[in-house]
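These are the structures, in structure tokens.
The two complexes that follow have chain A in common; it is paired with chain B in the first and with chain C in the second.
Moving on to the complex of A and B:
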């Protein structure tokens, strides 16, 4: 049962863990240097043995702690979720201890968080990009990365030689393209949010 | 009988058929297009539907889908082409024997579709010469069949003898 007693006993056992405001499942803050120990305890003693998700959050350039790692666990005994937030050390080149030793499933999740946010998971056995290609120079889900992308060369030199193609910023044309989500399907198809400007015609001031 | 007439006229020709090499070659080619299903996203599901019994692409002689580029001559790019995948698409295109055609199926393959993002190539025509574009997200099987019939029309107008091997310069659209 996840109740007040359960939470209190956890907080009592771990001085580096604190309660975080939540509206759904129990959410805790944990210091990064205690995360491996805390997750091991949750897995072995509290039956939270299923890693549902591990990802990062970028709170923006101005945030005091810019990157946070969020971990979702599930217990088949409690039939409930538990969320752990933990700040990544260093805003410039964020670092976080790998939890792959506790949950092998975290391997690819950590690679994705590295790929998208540039969070280095120390102790990860194979920390390389998983979605973008290896030579890609940016971390696309960071707040300072434009959605349209940045001009970089295509990874295959022989293809570039024949086609002269490169990775170009996508034309946003008043985008991003989003669906209003309601009304008739013909009216709610994804379209540009602000059609008053395009790449060719600047937005009127 | 005019010189351009390619049909068989029994009264004039008897047992002999007089025609042009281009007409015969194109007629053969357009009725045995071997597609290479480059299924990259949900469009591939509609491509499968077009091949299944209800829509039955074999009515047009295109049912021989080959997963080897060596055995196919029409690449149907069905789905979102990411920059990471673009290299692979081009390599497979290069491995197909001449003559070869490309159909960009759906919004993503044609223009990038709704994916205006850092990861998605804005139209597969950036890296391969596209012959027919199909609109839709995804297009219905009928739309794909229509595109394939348009491709047949295009093949029948080609100058096949000189097209035995298209040079890379003319093969590239841009």
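Moving on to the complex of A and C:
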């Protein structure tokens, strides 16, 4: 059972782990340098042997800790999930210890988090991009990356030679209809974000 | 070749040590009939034995998670269709439940029943395709024709319910787009009466077929330990003998009310994965019959969630308050409180998870899609080496993945 005793004993054993507000499943904060040890303990002693998800969150450029790694584990005995939040060290070039040695399933998840957020997982056996192509210079899920994308060279030299094509930002006028979170709706429309160009009317420089 | 079942990499390690001839690099995909989408495999071969296999993904990456951060909750529903596009209804439901958990709203029984019904229909549709193309991968063309005939009937039913055959976009946060049409439940029931016959026929063609057995038995074996370590879920995990079905273990949308069995395999090879899917189709029929037998009356959306679910059209057109409510939901999005939630649904391909972080308002701050196909494929690098090149088709077919979901 995941109850108060369970939580207390975990917090007692690990000084670097603390409780976090949660609504759906037990959520803990963990220091990054203790994460490997903590996850091994959860796997071997507390039956949380399925790593179902590992991902990152970008809290924005102004945040004190910009990137957080969030790990979800599942226990078939408790029939419940457990969530671990852990901050990535260094806002400029975030780093986090790889947990691939504990959960092989983390391999691709970490590659994806690296691909999307640029979080370097130290100790990962094969840390390279997984969804974007290897030469891609940006990290798309960072909050400062525009939805439309950024002009980058096409990764196929032979095609570029003949067609002179590049990977262009998506025309935002006419969709997707952007209505992002903060402030007035009118401020977050494509034209307010200077993302209102179309294929006919080019992007203002 | 003698292989220790306990270790998924054993075949590959053995193949690595005894290279007899010259190594050949072989590229399969990204566009190849074997790969069921745009998966690319870079392989090294020693004769016909694979010594290295590196999957390359991302050819269908559309940035769904980035898009989700830039639109309201309901606007993202059509994007969920395009994850596992062989079972869009199940994705719609999983996404809606995740956001509803965050909002903390309870749904009426009728809505939950509709959702269970469409989830199981989606499961049948997905498994029919999975079994059909798996047979085709192993060299049997006919079963595919049988299963596609049945799938066509399902599509007709989907169209009646949602207005679309393929991209259904059926759920809304707090309910579903519309109630079931008149007489539709009887037609679903009628379909369920006829389906077992078709499944039997497929089984007659495949299950004890000598060639099919030779090609699938003992191929792509994954032990319990490996299946768990590499994050398998769904039929693939259960084929390896792990008894984990979220419909039973962590019931959602009222699954606890229905009786059904969870088939599990013993060996975790391609043949077991096929058997598990066949049985799941039969169990889904069982669930559908129970749902329809006690189909609850009442409304099919959450009436109390005034800031989340838009009222019915006739009320919008006749009442000022409902008109304002509708306007606010359409322009600002459903108002979801700040917080985070992780919800996984037992989808045909495995556990589809949505991790939603909200800072309040109508737009998610972060939405992570945990795609079962992505996790199920991550074992390929370890599992494939040591197999023959011709086994690749069977292994990929048996894993039953969808690249739309894998690459997102």
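In this text, the second predicted complex is superposed on the first by the 173 of 205 C-alpha atoms of A that agree within 3 Å, B and C clash if a C-alpha of one lies under 4 Å from a C-alpha of the other, contacts with A are read in each partner's own complex, and residues count from 1 in each chain.
In this text, contacts are C-beta pairs under 8 Å (C-beta built on N, C-alpha and C of every residue); 3 or more make two chains touch, one makes a residue touch a chain.
Just so we're clear, the structure is a prediction, and the values are computed from it rather than from any experiment.
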{"item": "First, second, both or neither for A:147, with chain B first and chain C second", "value": "both"}
{"item": "Touching partner for A:132 - first (chain B), second (chain C), both, neither", "value": "both"}
{"item": "Partner chain in contact with A:24 - chain B first, chain C second, else both or neither", "value": "second"}
{"item": "Which superposed partner A:163 touches (first chain B, second chain C, both, neither)", "value": "first"}
{"item": "Partner chain(s) touched by A:155 [first = chain B, second = chain C, both, neither]", "value": "first"}
{"item": "A:107 touches, of chain B and chain C: first, second, both or neither?", "value": "second"}
{"item": "Partner chain(s) touched by A:76 [first = chain B, second = chain C, both, neither]", "value": "second"}
{"item": "When both partners are placed on the shared chain, which of chain B and chain C touches more of chain A", "value": "C"}
{"item": "First, second, both or neither for A:49, with chain B first and chain C second", "value": "second"}
{"item": "Footprint overlap on chain A, where chain B in one structure and chain C in the other make contact", "value": "131-133, 140, 145, 147, 176-177"}
{"item": "Touching residues (chain side chain A, partner chain C) in the complex", "value": "22-25, 27, 49-53, 55, 57-58, 70, 72, 74, 76, 79-81, 83, 103-105, 107-108, 112, 116, 129-133, 140-141, 145, 147, 176-182, 185"}
{"item": "Of chain A, residues touching chain B in the complex", "value": "131-133, 138, 140, 145-150, 154-156, 159, 162-165, 167-173, 175-177, 190"}
{"item": "Chain A partner contacts - residues on chain B that touch it in the complex", "value": "83-84, 86-87, 90-91, 94, 112, 114-122, 126-128, 168, 172, 174"}
{"item": "Of chain C, residues touching chain A in the complex", "value": "57-58, 61, 63, 65-67, 69-72, 75, 101-102, 104, 228-231, 233, 242-244, 249-250, 331-333, 339-344, 351, 353, 355, 357, 359, 361-363, 365-366, 368, 370, 374-375, 377-378, 382, 407-408"}
